[in-house]
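These are the structures in question, set out in turn.
What follows is chain A paired twice: with chain B in the first complex and chain C in the second.
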Partner chain A sequence: MSPQTADAIKRFLHAAGIVVVLVMILFPLYWMVAGSLKTQPELFAIPPHWTWAPTLDAYREAIADSGVLRALGNSLIVTLSAVALGLVVGVPAAYGIARYSFRGRREIWFWYVTNWMLVPVVVLIPFYLTAARLHMINNPLTLIAVYQIFIIPLVVWLMVDQFRSVPVALEEAAQLDGLNRFQIFLRISLPLVTPGLAVSAVLSGIFAWNDLLYAFILTPGDEVRTAPTIALSYLGGYTIPWPKVMATSTLVTAPVIIGGIAIHKYVARGLTMGAVK
Partner chain B sequence: MAEIRIDQISKAYGAHTVLHDITFDVEDGEFIVFVGPSGCGKTTLLRTIAGLEKSNLGRIVIGGKDVTHWPPARRGVAMVFQSYALYPHMTVAQNITYGLKVNKVDPAEIEARLKAAATMLQITQLLDRKPKELSGGQRQRVAIGRSIVRQPGVFLFDEPLSNLDAELRVQMRAELVALHRRLGSTMVYVTHDQIEAMTMANRIVVLRDGRIEQIGAPLDLYHNPQNRFVAGFIGSPKMNFLSVTIQAVSDAGVMVELPGGPKITVPVAGPDLVPGGKVELGIRPEHLLLGPGAGAADAQISVTATLVERLGGETLLHGTTRHGEALVVRKSGELAAHHDETVPVGVVAGLCYLFDADGRSLDPLRPREFPQ
Partner chain C sequence: MSDPDKLPLLPPARRSFLEKAAPWLFIAPSLLLLLAIGLYPMIYTVYNSLQNFVMGMGPPVFNGGTNYITAITSQNFQNSVLRTLVLLVITLPVELVLGMMIALALDSQHSPFLRRLLQICLVIPIAITPAVIGLLTQLMFNEQLGVINYLLGRIGISPVDWLGSPTSAFATVVCVQIWEWTPFVALVLSAALSTVPPEVDEAALLETERWWPRFSAIRLPFMLPGITAALVFQTAFTMKAFDMIYAIQKGGPGSATEVAIIHIERLAFRGFDIGVASAQSILMLVLSIVLARTYIRLFYREVDG
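Presenting the complex of A and B:
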């Protein structure tokens, strides 16, 4: 076999691999969107219909009947609040760990990072019991607080490296310019780590938006339930309205995908550490 | 008015002492250069004056005020960093004026100072650019501009030219000297480049391992180094050192035997020396004689050339003595010698230095007469 042939085969296998992965990722998305535009019988047609007359009935039903819009609104509030709180707490913490040396700094950093290894379901019952005692079940504040367990470590982990990549000389120059420590943090360092901030916000936001487990247990009420749990609420009774489930899922997923596409370049830059020069 | 008094400053990182009991004064308006090999403590000393490092012991007095425990901004000093440390997210104009804005200087005054500094440094056309759109030399000017507008009593420079290419470095060197003349401020400048030190300083502080080796005017250090380290550090190419044996000690000086047998009497005082002992003889490359003049010297040694560098205006001959010690001879003009040739090199006793076992320079019996 000539090297050219070997090369061609290699490239073919590479392309084939990419296609397989893409299909695995995109087909469920396609099936969800397609299903949301079908009727129930159409959805279950065997063999599947690749062309059909699309209908928005499922969306009308979802929005009108089940308060999907309200759930989306709840999700938006919980997500934005959780991300904002996580950044307000996590970013200064990361700055402290990056710039100050104090006893236990490594241990604190390690503790933050290892929080991510926590299996969510392990702490679910203690959280439920605590929230119940405090009469905080069905209170969005509970979700916002619980999400911090995952958001703050994520923010700290990402932002410590970001702050470390800002040259110390810049902060020293600012010191000589008469800025105090907080001004240096706010006006010199923070503007230089905006890619990292964006990545932290988006990843935390996706986590909070997507959470099903805690939302399902801690805020099950109709008034306060979040978007991921709403589709789940149809799964009772004798018939499951699959087009409606698909339409709801599409509405829940859309913001994440649109947001992801909008800032994916930023994310790539933020994840390549040392992006700040 | 901003004279600086460094009073018994010591600094240690854990068990590692980087500054040992440093004491000296800088006069108002003086251009003083800290020079030394890397790790000698010169940057730490500068940062201690700036207030970016805390000393463990000692006092720093600037303009008559004890600023030892003051934050950097209150000390009336401005610093130019090796990396320039320009704020990447601000324009040149914002970089220069940011400190003034933070300190709530009147906007009209800020504008006036910005204009003056920009004109002086010829960066008026760059004011709207971001640092990343500037060349190294331009960034350097902006960094200097940022320090000028604060009108500090003291300018601190931390190896500001080390990131520039050779040509630009020479140009900026001249500009900094001109700037110093124009402003008349006290300037403290750190470099590892002894040529920068020699060309810019009113006085040089030579540091090694956190200790002051010698303080003096550039030519004073060149002519009268107090020890072997300073002798070797100041001057380019550096001073030659030969290990020699003491033959006799008399009122006329110390007689030593050069490689290959010739003896010369170096006119220095050696009260503690005894014949048979070893000392080091130092002689600068430019004080060795080559060609027809060599015969007129007090002694001659044979040197085998290993490399002849012809620079046009001068020639550097690198060679080895009969004892295998490396030697460099510098001759103005051109020289016919070539690689592997053995040439006679003349040594003038009055231009030699002797260093004792501790590296101290032995005092000359009379002032050395350097060729004009």
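Presenting the complex of A and C:
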């Protein structure tokens, strides 16, 4: 075999391998969207129909079902509020950790990371008991609070990284101009890290939006349940309206898939708390 | 883990009270919030784990460590922990090997467009709602009407009752778990691979043309921190797995896919036994900490030094 042929084979295998992985990743997604555009008999046709007259009936059904829209709205409110709270408390913390040396800094930092890896039931059971005592079950505020367990570590980690990249000289110059630390933080550093703010907002938003376990236990009520919970709620019935389930699933996953793609460069680094570059 | 002590710092300025308090003022809001929602619940769980506490059966009563004995000797808990560990032991090596292959494919010079596309698409299984993955699994792995069995039929494999029998239901969870998390491992390993200095790689190429010695002797050592990170975080994600598995069939059929978190959730919120469920949560917490520390010891000694 000539070196050219060997190289051509190598190129082909490389491309073929990538295509296989792409198909494995995208096929379930295709199946979900395709299913949402089919009727029930079409969805279960064997052999499957690879071409069909798409119908939006399933989406009409899903949207007509007030529960779905309400759940999407609830998820939106909870996610936006939880992310906003996480940013408001997490970003200054990141600045403090990035720019100061003080006793306990290392311990605080590791403790934040530990919270990201925590087994959720350790927090869920006491949260449930406390919320029940305070009549806070089925209150979105409870979810907004409990999500800080993973949002704060994500935000703090990503933002420490961002503040590190702001040149210290810039802040020293501001210091000479008579600005105090808080003014420097707000007027000099914060505007320079807006891209990082967007990334940490999206990344932590994805995890808040996707959560099933906490929402399932803490906000089970019809009025307050979130998108992942509503997607599961159809399963109780005798016949499952699969096109409607797939339409709901598509609506639920569209924001997180778009958000994930927008920040794909930062996902590995964010989820491992900076253990990799 | 990134070391906060290596960060560039602002030089100490005028030593006013405000200056000295500044770091704590920056950190205090998040610290107080995490103390309230992270530390306090954990202490509360430890406290509950020492009580005879069944919801609706009167006030909790201190009972020494009895709950821990009940927890450890519970056949159902043992099985659910074992299932979690089996899931971990099967999926982790597969995810590492597949993830490494994907990372190496991304590192090559060929097909730039496909590589770029793959880099973007890898984020999809990580970002997609796990509960929806569970629903899709129910649909696609259906015995008679699912597309998986149809495709297998095309290559001559007779239909598998994926969700019906205990063994195949567990196998389904394994497959879906690998689908969901291999991309994460691939992204982490790909990032680790990019830390190998190109000049070292090139020097090695002069030494030997063969791929394996170059990979194992040159690249792998550089990748160890990344591999450790992939192991530690992937183990944490597997230990706390709930959403996807619950959405497939709530731990069923029977208890075939009832992993530890599903078991504890059921005991606490269906069985109302807060005391024993709390003890089991603490045991799971200890187990995940022990596993994480073991990996770091084994693969990444410098961290401890």
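By our rule, the second predicted complex is superposed on the first by the 253 of 277 C-alpha atoms of A that agree within 3 Å, B and C clash if a C-alpha of one lies under 4 Å from a C-alpha of the other, contacts with A are read in each partner's own complex, and residues count from 1 in each chain.
Here, a contact is a pair of C-beta atoms (placed from the backbone, for glycine too) under 8 Å apart; a residue touches a chain by one contact, two chains touch by 3 or more.
These figures come from a predicted structure and were not determined experimentally.
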item: First, second, both or neither for A:146, with chain B first and chain C second; value: second
item: First (chain B), second (chain C), both or neither touched by A:47; value: second
item: First (chain B), second (chain C), both or neither touched by A:70; value: neither
item: Touching partner for A:183 - first (chain B), second (chain C), both, neither; value: first
item: More chain A residues in contact [chain B versus chain C]; value: C
item: Partner chain in contact with A:93 - chain B first, chain C second, else both or neither; value: second
item: First (chain B), second (chain C), both or neither touched by A:35; value: second
item: First (chain B), second (chain C), both or neither touched by A:172; value: both
item: Shared contact residues on chain A - chain B and chain C; value: 172, 175, 276-277
item: Residues on chain C engaged by chain A in the complex (per definition of touch); value: 1-2, 4-5, 7-11, 13, 18-19, 22-27, 29-31, 33-34, 37-38, 40-42, 44-45, 48, 101-102, 105, 108, 110-111, 114-115, 117-136, 138-140, 144-145, 147, 150, 179, 183-184, 187-188, 190-192, 194-195, 225-226, 228-230, 232-233, 236, 239-240, 242-243, 246-247, 261, 264-265, 268-269, 274, 277-278, 280-282, 284-285, 288, 292
item: Residue ranges of chain A touching chain B (in the complex, touch as defined); value: 167, 169-170, 172-179, 183, 188, 191-192, 276-277
item: Residue ranges of chain A touching chain C (in the complex, touch as defined); value: 10-11, 14-15, 17-19, 21-22, 24-26, 28-29, 31-32, 35, 44, 46-48, 88-90, 92-93, 95-102, 105-106, 108-113, 115, 117-130, 145-146, 148-149, 152, 156-157, 160-161, 164, 168, 171-172, 175, 180-182, 185, 206, 209-213, 217, 227-229, 231-232, 235, 242, 245-246, 249, 252-253, 256-257, 259-261, 263-264, 267-269, 271-277
item: Residues of chain B touching chain A in the complex; value: 50-52, 71-73, 77-79, 81-83, 85-89, 98-99, 102-103, 132, 146, 150
